[in-house]
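Quick notes on the structure that follows.
In order of appearance the chains are A, B and C, and numbering begins at 1 in each one.
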Amino acid sequence: MGRIEDRLGELSITLADPAPPAGAYVPALVDGDHVLTSGQLPLVDGSLPVTGHVGAEVDPEQAKEMARLCAINALAAIRSVIGDLDRVEQVVKVVGFVSSAPDFTGQPEVINGASELLGEVFGEAGEHARSAVGVAALPLGAPVEVELTVRVRS
Amino acid sequence: MGRIEDRLGELSITLADPAPPAGAYVPALVDGDHVLTSGQLPLVDGSLPVTGHVGAEVDPEQAKEMARLCAINALAAIRSVIGDLDRVEQVVKVVGFVSSAPDFTGQPEVINGASELLGEVFGEAGEHARSAVGVAALPLGAPVEVELTVRVRS
Amino acid sequence: MGRIEDRLGELSITLADPAPPAGAYVPALVDGDHVLTSGQLPLVDGSLPVTGHVGAEVDPEQAKEMARLCAINALAAIRSVIGDLDRVEQVVKVVGFVSSAPDFTGQPEVINGASELLGEVFGEAGEHARSAVGVAALPLGAPVEVELTVRVRS
């Protein structure tokens, strides 16, 4: 068991196998010393705990929890291509898409669900640049989608 | 004629010159061993075959075809800066923005139009990480916009 | 005073300290020979000059000015992590998110506010690939959010 796996255990986080992509792409891809994930939905056992727009059918606290699930699924996708999350040297970038009612402006608090999870798991190596935006709709009606870029040791 | 040009010929795909950018930027840019394209619209001879929101004025099958056109225009943009598409070692990332009615959730099927084209052209080297999201509106009323990142041989 | 600082002075542009992030992330991050900024809002002294959707409460010319402010804030974020903007070798990528009424399709003209600023400051080194999309809503009600990737000299 690696250091990050231990940390995930302390946080009671279990990484599932990555969900099969909903199209002709891969869950994560190694590109030199970076790993890029595809946009991750908050799937649990293949289905979404909640669907809809934040600020309408979904409240911001629920959405923050969904963003945390997206980040967990992104870690599972990364592990599936590099084997051991101890190889992650730095989380580099997070992009968070929040399915938003037109008057909802709390995207940063929602995507903090992903950012804080990365801090809990990786500490300083979890610090990242980030964009958070409110989109019109997301695949399967998901309230949140998160993509991650990390740098890895060779 | 290179291998990829032959393949494009087999698929009856002709790459036009990249459309002049709609602003103070370039269609594609070489950054070390990567090429990044600007967001590509499904322009044919300078105009959009269809406009509007998917799930409203535009149906998903039309939009998928538009995503394919975006990918073809992205390849033209890449070729314009590296000369020969045989230099593409790996497609790395696709981001697909789908102009979406608020209740349209089929973004993955739409962006498969781009992903599948990349698979047809490049085979395994066409595999990529991907995000697909539903946005409120796109330039010129386009139903789809796609950006591509590829890694090239030096 | 460096060359770029001189140029900013000629343009009467003052870079403020970067705004504290609205979440668990950093304003900009050095990743090898690249710097990635977080999505920048058009904050002036910590508040937004205008809020709302472009094509509704905000007109395109105001929004273009806001995009320029986003780019200025992005330069401040980059300077905060590399010290001297003369180290910027090339602006590589701009992503511009425009909070858009569903029928607003002028995102390129809005994001030109950022692209043209980069050209004024960096000349040819300011050329970049770009995506501009219309989103449903942005943090704090901002009309525009812009993220930047630049390559730096070591």
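Throughout what follows, a residue touches a chain if its C-beta (ideal position, glycine included) is under 8 Å from a C-beta of that chain, and two chains touch if they have at least 3 such contacts.
All figures in this text were calculated on a predicted structure; none of them were measured in a lab.
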| query | Do the two copies subunit A and subunit C share over half of their interface residue numbers, or under half; same or different? | reply | different
| note | Here subunit A maps onto subunit B under a C-alpha rotation whose angle in degrees, rounded to the nearest 5, is 120
| request: Could you put a whole-Å number on the gap between the CA centroids of subunit A and subunit C? | output: 25
| remark: Note: subunit B residues in touch with at least two other chains are 99, 135-136
| task | Going by the contact rule at the top, pick out the subunit B residues touching subunit C in the complex. | result | 21-29, 31-32, 36-39, 53, 95, 97, 99, 135-142, 145, 147
| Of all residues in subunit C, those that touch subunit B in their complex | 33, 55, 90, 92-94, 99-109, 111-112, 115-116, 118-119, 127-136, 151
